[in-house]
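After this come two complexes, each holding chain A, first together with chain B and then together with chain C.
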Partner chain A sequence: MAKPNIICVDDQRDILATLKKELLFFRDLIKVYYCESAEEAATIMDEIDAESEHVAVIVCDHVMPGKSGVDFLSEVKDDNRFPNTKKLLLTGLATHEDTIEAINKAKIDRYIGKPWETHDLINKIRVLLTEYILEEGLDYNDYITILDQDTLYAQLRKTM
Partner chain B sequence: MNKTGKLYIAIIIPLIVWLIPTDFIPIEGLTIVEHRVIALFILAALFWILEPVPIYSTSILIMVLLLVTVSDHSLIFFKVGVDEPGFGSLIRYQDIMGNFASPIIMLFLGGFFLAMAATKYRLDINLANVLLKPFGNKPKYVLIGIIAITALFSMFMSNTATTAMMLALLVPVLALFKPDDRGKIAFGLAVPFAANVGGIGTIIGTPPNAIGVRYLSGEYAIGFGQWMAFALPFVVIMLAFLWFILLRFYPVETESIDLKIGGKFLKSWKAIVVYCTFAVTLLLWLLDFLHGMNAYIVALIPVAVFSVTTIITKDDLKRISWDVLWLVAGGLALGLALERTGLAESIVESIPFGDFAPMLIVACACLITIIMSNFISNTATANLLLPIMVALGTSIPGLYEIGGLRYIVLTVTFACSLGMAMPISTPPNALSYASGFFKTNDMLKMGIIIGAVGLTFAYFYLYILADVIDVL
Partner chain C sequence: MSTFVKNFHTQFLIDIYFSDPNRVLKLPENTYLFKQDQFNDRLFLVKEGKLRGFGINPDGSEVEFFTATPYMFVGVNSFFSTSKTMTNVVALEDSSVAHIGYKDAVYLAGGNASLSEQFLPVIVSELTIRQTRMMEIGAEKEKTLNKLIQSEKLASLGQMAAGIAHELNNAIAVLEKNTGWLGEQVAKIIESHTPDMLEYFRKGMTEGRSLSNNEIRLREKQYRKVFKLTEYAAEMLAQTSLDESDLAKLGNRIEESAALIGTFWEAGATIKDMLVAAQHATYVVKSVKELGVQRSRRDQKIEVNETLKEALTLLQSDLRKINVDLHFSTLPAIIANAGELIQVWSNLIKNACESLVQGKTIDPLLEVATYMENRKIIVRIRDNGPGIPEEIKHKIFQPNVTTKKEGLSFGLGLGLPIVQRILDGYGAKIVFESEPGNTTFTISIPTGDTHG
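Right, the complex of A and B next:
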């Protein structure tokens, strides 16, 4: 079935471990994948797409060996399999130019600096997840407990 | 049980019913066509109750199956023996398909257009702002305001859209309440409950009302104004009770509530057209006895006005809840099949209802309805139960004496909207529950009280009024 998934990409294992703990919030309803490189993430996204599931949100670090976060997210943006996928850049080391690239080329949806606040990260992911589910027309009732209420209200007000 | 399991059950049981010989079914003089309709009715019931597929898709499935198996242009295979006695009469395919354009559907289309235009030009939120002001900032009175405005809006907009709008206003304020202030629960429950109850207020308030009206034709027909004349007092009394009971169980500790709603009424010409159309449509609906146009025809006027003025654009059209219209259309087709084949009456006649007191029959009907509507969609409940109620109302002589068709159809229609004890009962319940201001138990407790009181009240209230509706 058409389930939404979340993908986290960071080359540092301890950061992935922290994310794993924090994103337990989504555990019951959404599968979260943790990848150590952009290449690994791309492979997993291929598999998810092949199963006709959804890549709803990508949480991605910028400075990584191999492909950089912004480059990876730019590729996702241009990939017609993931037109609505939401992109969150989680980084402490992006230069001014990287940031410009991230907004103009990768069209990222949110930017969070390291170190981050857990509730802020979760809330931002919830908003993005809600937007994705509504844009893709998935049944929001299945995920209603973890969605961002304000985003949901704003949308439901408009549907008759 | 997973969806696949449910799907199997919902297919296999009707299939068994379909396959058993017609003579085995204990209904006198059952025809082959009627037998098929029974199987399809069971299929619809199981699909709507177990929900292996979305409820609107069940509707279209039913319509297609009716066309393929019991229409006058059905599959050649299903027409073997058509001239033999005991086959029964087939239904004109145009009549089955015609349900997509039933006057009831047009009524809802009109309602959607009005609500959509009101939201687009911020009439709803600005009106809420103006109407909430007189209630000040004492929580007790703000709660009345919230209840009254939610109910008022849900009479013309969908209950879900109303709930979403009111919660968007309330949630930021409730978040400021002290963590242990139980007043949050009162507000959290007030919105969905007022939306559910408020929907009863007009024919377009919620789909079950319109379906109920569809089954009251000819001498029993009810107009828009007539409906409001008896439904509105019911709604107002229920809302007052809701307010009382919420404050009683969940007193608000916070001293003052400050709802912040920004914005001014729009003044562009399009906005003015929206205000005027809204007012004129409402007036025309209420004054149908003066001008002769019925509610269905009036409903199409805003559709024309908003389309011509591009207040509702091509893109907006896509956002209309076609699923709701399909859900209703499929139910109407099912009802038509039960009616045309005479099946509903055959079933009623084969059960010795005559032995029961008519008031008891109505009481049982209401109880079954409210239980079902607590677990499944209100519209699906109406789709399944109202055709049977019509048969009961027309064929039981005892029932005829106590207000007959109108009494049983209206009480059951009201009961469809009164099931609200669980988050899954209605979309407004689910939405409000997700905001996290109350626990399932609070909703269960209050929902049962409101449901029980509302049902009992409707039962006696409509008993008194059923005979005099024409005078209203």
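Right, the complex of A and C next:
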């Protein structure tokens, strides 16, 4: 079944637990996975892909032991299984160079600094999710309550 | 300035112009040949002894220009350029110099060449030496200036850190104390309204998030199968630290109470997260403050072995599950600051402990040895943990490099930079070797013996 999923990656469990509470907004319609490393996220993405489901949005920290967020998102960008997957970098520490690299190399779609505003994070994820669903041609009616209405209408007006 | 050109041509000039015993000046020690800012109408050649040439800066400080020994020319620049002298030349010991002036000049040396022309190689050589010396002085100045800027940067960083630390510590104290207070109040309220749930709240607050997110996913699948739960109920229960036997006690109420149990557990775990985060913040502030502090007073006679024992005592709780081998030799006392040395040792020992624990090393072993080598005190700290990851080996002494990620032993990546900074202050060296099963840090501290 063509279900979209969201993946959150952060090496700190307390941050993931905080995200889990905030992203309850999506829980009735979208499965959100929480991973403690880029490697773990990659495994989950393999599983999702094997089930023919979608990785719609990745919310990822940058500074992590092992693979960094930017490196991980760059790999996702180059992975032809996930051409439209939206990438959001959520990080407390990124130098100017990291940010430039994230935009140029990983082609991230959004950037949020820590600490973040809950509604800002949720709104950005909603916009990205809406874009993904439209780009992939999934039936948006199934998810209409959690999608970003402006993004949706702008797209609908274009296609009318 | 003095010029020393030992070649055939110079030898020829010396023979012609500087061999007249009537034109030799005796200079007793400490007498001046000439001083700065005068006109000089003579060219000198040192015959015996040693002369010192130096400039005096507008602020009164002296700049060393040269030391002239036999067969070196002095006064080349002022004589040929006819400009004022730039140096003071004084005899460092009883010396004698031969001299000529334009009036004495005898044009014996071939054809119509003037005195300046005959001395051209000497003049060029003189100018080259001046140029080189000026560049050297420039480089020295820049080095001193950089050092100064660096130490001022550190000083202002220290002041800034102290200011920020004070403000942050107040904020953290409010957050930490009140979170603890709230936790207790919430527990009381739960006890009087939904006493069944107190157990889960307390469990969350004491045990915290001991399961990884991967383990939670596996549990979720397991619970759905074992207890025939809905996805939602399984998810709520899987994130708690309750295991299958805890859940079995709930009998057939498990599905209906899952959401409530999960929420109460989560509330407890959240309060624990907040307390741990406050402690982390306190630790970060302390480390940053330490990085910025000025060097401490080093005026105590210190036994290095004693500071090691002290550090080991401080880390007793970390060392409980680790075998510790000590090999202390008799060492000379050094002048140092005990606090600084204890800080160095405890940083290194703590790193070793954490590597042993994180690497789940079987038969964890920490070895601390001291001995003398080439009049230096050597301290060796070795562990049999998994070793330093290859990719960070080259940068472990830089700030921001850490391997620690879990629980209370968060790494800020400031431990080793602090160690390095302190050891630098003692002229001590630190080197390491690391492979799985053997990580050794070796510190060599010069004793008073080695520098005087």
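Heads up, the rule we're going with is that the second predicted complex is superposed on the first by the 160 of 160 C-alpha atoms of A that agree within 3 Å, B and C clash if a C-alpha of one lies under 4 Å from a C-alpha of the other, contacts with A are read in each partner's own complex, and residues count from 1 in each chain.
In the analysis below, a contact is a pair of C-beta atoms (placed from the backbone, for glycine too) under 8 Å apart; a residue touches a chain by one contact, two chains touch by 3 or more.
Worth saying up front: this structure is predicted, and the values here are computed from it rather than measured.
Partners chain B and chain C, brought together by superposition on chain A, fit side by side with no clash. When the two structures are aligned on the shared chain, A:153 is found in touch with chain B, with no touch to chain C.
In the superposed model, A:34 lies in contact with chain C only, and not with chain B.
After overlaying the two complexes on the shared chain, residue contacts for A:80 are found with neither chain B nor chain C. The superposed three-chain arrangement places the nearest Cα atoms of chain B and chain C 17 Å from each other.
On chain A, the patch touched by chain B and the patch touched by chain C do not overlap at any residue. Residue ranges on chain A touching chain B, taken from their complex, read 139, 141, 144-145, 147, 149-150, 152-160. Contact residues on chain C toward chain A in their complex (touch as defined above): 209, 212-214, 216-217, 239, 266, 269-270, 273, 276-277, 402-403, 405. Contact residues on chain A toward chain C in their complex (touch as defined above): 11-14, 16-18, 20-21, 33-36, 40, 65.
Against chain A, in their complex, chain B makes its touches with residues 54, 111-112, 115-116, 119, 124, 157-158, 160-161, 163-165, 167-168, 171, 319-321, 324, 427, 430-431, 434-435.
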